[in-house]
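Once you scroll down, you'll see the structures, which are given as structure tokens.
There are two complexes below, and they share chain A, which is joined by chain B in the first and by chain C in the second.
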Partner chain A sequence: MLLRSLKLHIIQCGFAPVVLQVSRTCSNMPLSDTHQSPDNAVSGKQVKSERKLVVPSNSRFIYPEFLPDPKMEWRNSLREKLERLDMIQRRKHIDIPEFYVGSILAVTSSNQHAPNKATRFVGICIQRLGCGLRANITLRNVIKHVGTEIKYQLYDPTIQKIEVLRLEKRLDDELLYLRDAPNEYSTFDENMEAEYLPEGTPVPVNTTLVKLKPRPWRARWERKNMKGLADLELEERFYKRAEELATPWEKYDLMKQYRRTIPEEEQKEIFAEVCSELHEVEVMRKKLKRKKVFVKPTRSS
Partner chain B sequence: MSKIIKCTILDLSTLLRVTYTGITVNQIRSAHNVRPPRIKYPLWHLQRERAKDDQQLTEDNRAFVKEAVHDKFGMPAVIHGISTYEVRSPLKEDSVERKNVEWHPKLKRTGLIARKLGNYPMWSDNGKSMLATLFQVIDNHVIKYIPPGEFDPPRKPYSCPKHKKELGCLLVGAESADPQYYTKQYCGLFYREGMMPKKILGRFLISPEAALQPGTPLLASHFRPGDFIDIRGKTIDRGFQGVMKRHGFHGLPATHGVTKSHRRGGNIGHGGEKGRVFPGTKMPGHMGNRYRIHKGAEILRINHKYNVIWVKGVASPGETNSIVYLHDTILPLRKHKITPPFPTSKEVEDDQLIDSYKEHMYKFTDPTITFEEEK
Partner chain C sequence: MNQAEVSQLISKLRIRISPRHKNLKCPEGPQGRLNKLRKTVNALFKYERLELNYTIADETRGYAERLISEAIRHGDTHKPTMEMADYWIEEKQLIHKLFKVLVPRFSDYKTSYTMLYRAPKAYPDIVYPRSVLELRGNPFPSILPQRIDQRNFIHNILLEEAKKAYRAEKYEQITKSLNEQDVVDK
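Moving on, here comes the complex of A and B:
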């Protein structure tokens, strides 16, 4: 019985290694309602009261850092709550958009030593780690033929702006193998323009296969079971050893999965707590965005 | 012949008895090698937990007992984010007289009992990040004050015998609990002062001027952002550990012919005249699970709603959710420079004041940090 219930948990809440079918429709459903009736205050209020109960089902993909570290020894409900409050306070001043590993981002941060006291870095997000206020991302780009990576704390108050230039996913959860790939795989134009996706379209998955440079590498990629890698062209013994060391039974280890994730009930609780405030922040952002779009024609004159 | 002998023996015994009763020697039987116990435990070290027994009460009776408890001590309430009971506070009442003593640096205030919540980053207003550890002051109340003359500490310091004669003892309890689950004698400690039993009972040595009435709540505002505190707690129990983990030795080389001793300590002593291992040599053994004090930690922020204190650094002892004791620091250069709340802070009912930060800290309600160009 316990096992069965656990299995249900995992199917519903476990972080699948690659989630292809996350559509943006669900998250934007409540938002699109507000677009249709922004003036009608009465109906808007009704919708709002209803919406408080509805938590978008894909919140855990859009706001993964709101889920606490599942390690039991480090958990404390009050600390997690205070952390969430601080995160929302910070989100009122900076727009942290929806993005995934593989998306191309531009981060502008204050820098005392830069000429304009700010630096902008464009790159592909190769790693997303941490929960709560420690959430961080690693951006990678090749600048003047030198591979460059910058790790940004998402809630660092010196970050001025986070833009998503191209919203997409890759086949893997971590793209650290780009360090061993030729430069063209992680070269992005610094003056790249943002590509907008129409409302309600699912997040596209970029299925390019990366061809690595010959060994030596920073890790034994043949053992990591990466989906976004082209044929590694290794000798037979490497694959043999990888097969020996593989642990394919781990995906059936329900307790391991359970300990590694936050149960669905708890996730719902957490998002129900922050949902209304996050939603307000998002609506504000949308309004600002529309204003920006409206301002745009003046630039041409 | 035998009869005669018998008689004489009997007579002898009677004779002897007579003589003994005449002298009346009271025997005191004692083993000379039994000494009185060295440690005299303090009065409040009592059996705490009661043996669990099912009282076989009906639902109604159970409810009645609960009601009786609430009538006697106070209704359950959530105060500062902790589910506890409403306790009368003598600081709120005007009838309690408080001594008006001016604070001076030689006076010793009480400390607080807190729970470690974990850590997360904070930023200063120039964008520098630092990790902070969170401590929640958990429903602290003064239970009893024992003046210096009456207080007889179990372990007296050899170095300065005068030291503790000048200090009184303040019993502080944390986290109220239902008296049904504790022994009568333990509950009696609190009942004399009109309090509910507490899960945690701590002791602070204070100067008599800083004495507090039983029932006084102790809050996080006892300290202020920018103050330095000492944090005493029990370190994480790591069990029997080798020399590399326990003392940070480097171990022996991984290669070059080294076998089976990559993590060993190497040589531990001398030969020749000394011919022994010196006491205190760093060797493998049990690590952790002992009281340690993190001295001079700085307070960065205080949340008055949940009584949470943010302290700079992650060096404070103990696991997450463990109990620690917070004191004013004893480091001479980090002691209070301005008068602190003396003997403790009053409860202020102000909904606006939730967070107070140390100066030059980034508040999460502040806008993004930007630097201005120098001209």
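Moving on, here comes the complex of A and C:
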């Protein structure tokens, strides 16, 4: 939204006034929101008293999409900031919960062709990619004996609801090998109920080892050093070739690591900016939940 | 569209870093490139000041800075850091230097730990841009000419005073000669 309005401004007027416009919208946006609805204003006051909130150290795992793309040529502080604002705006409308690759999610999205105008897809998250507004996840499930995957943009306005049915991690950061595994590894009940994990407990790690179907595969998994794969049972030559192509020196390439990450100081800045707002949204959501539980008795004549 | 790696936290370097690495013309590929850089990093920790080709100096600088910042961040009891130091420093006594000399030296620095200067090319022998890479706080005299306030040196003060005295004497002579001329005119 903001980005689009910015583009319009650029078309309408010269560059110098645009910058002014942007800075104004940046500073005003959260304020104007708090003025509009009484609910927000109350939560805003609460947060002001708790301003000394310490940014939790695991924010980078929970909200990885708030960190910008580390590719230096593509960095643009203003664009990143605007994107973060837009993301928070979207998070005010739908709850994007904490989840990891390997968690089982249910995503309800608008679909004009469905009878009730929405479809719900349950599946295991096999990939989490991208950052900013383009962050996306891939869900996989086997439906009627056919492996099905749907890629959802996390901040897509057509998404109505994201639920976490089972919060857990797997041994790998990507579970694309489930495509080459028997169906039983990626079959999940569509009517599965959400499993409750008490607050404050560490996220459990699922250590199941996946046994792949015999070759051919979609990738040469013996070369990828996957921790979650059982013995691949290949001929000796495959392992030999994998050893030839391995790059064991890469873990010592300090600058390569540096170019792939966002340094700690920048991360702190970003999360300090974002966390208070996210906390505000969380408090608001908890309040709404409590409100929903309490049903006002109505007079029946 | 990439996602930042979050598995480990890294401190920010206080030097300018080019968006892409230099390949350094290595027939052995990326491993050979690291071997080349390992030599210069090792030499930098040993001699604290090197004259190198600009490209290789610029690449080395990043690795040396990262190694020092990791050592400051985690200390010598952190196993991965020690492993990294063991890989990058070939002369093992220099690992002690890194943790016992360089870490205390740089731990409260607010600037970069190294300096990179452009050095003159010796035309027509060397055509590639040369540079000097050094660790800050090294024992050598500085590369840039130091501008010291020399007015308060004793010989300068004496000379200044002598000049003043000479001038005063001259003025006196001039006034005297003018007075004499006036008398003659009358």
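Methods note: the second predicted complex is superposed on the first by the 234 of 301 C-alpha atoms of A that agree within 3 Å, B and C clash if a C-alpha of one lies under 4 Å from a C-alpha of the other, contacts with A are read in each partner's own complex, and residues count from 1 in each chain.
Everything below uses one rule, namely that a contact is a pair of C-beta atoms (placed from the backbone, for glycine too) under 8 Å apart; a residue touches a chain by one contact, two chains touch by 3 or more.
For clarity, every value in this text was computed on a predicted model and none was experimentally measured.
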Name the contact category of A:Glu65: first (chain B only), second (chain C only), both, or neither. second
For A:Gly147, using the defined touch cut-off, is the partner it touches chain B, chain C, both, or neither? Pick first, second, both or neither. neither
Considering only touches as defined above, state whether A:Ala118 meets chain B (first), chain C (second), both or neither. first
Considering only touches as defined above, state whether A:Arg90 meets chain B (first), chain C (second), both or neither. first
Report for A:Arg134: first if it touches chain B alone, second if chain C alone, otherwise both or neither. both
Just chain B (first), just chain C (second), both, or neither: which does A:Glu264 touch? second
For A:Glu73, select first, second, both or neither according to whether it touches chain B, chain C, the two together, or no partner. both
A:Gln160 contacts which: chain B (first), chain C (second), both, neither? first
Counting contacts the way the document defines them, which residues of chain A are shared by the two interfaces, the one with chain B and the one with chain C? 73, 134
Residue numbers of chain A touching chain B in their complex, please. 73-76, 78-79, 82-83, 86, 89-90, 92-94, 110-112, 116-118, 132-134, 153, 155-160
Along chain C, where are the residues that touch chain A in the complex? 1-6, 8-13, 17, 19, 21, 30-31, 34, 59, 62-63, 66-67, 70, 84, 87-88
The answer for chain B against chain A in the complex is residues 81, 117-118, 120-121, 123, 126-127, 129, 134, 136, 303, 306, 308, 319-321, 362, 364-373
Residue positions on chain A within touch of chain C in the complex are 60-61, 64-65, 67-73, 128-131, 134-135, 247, 249-250, 252-267
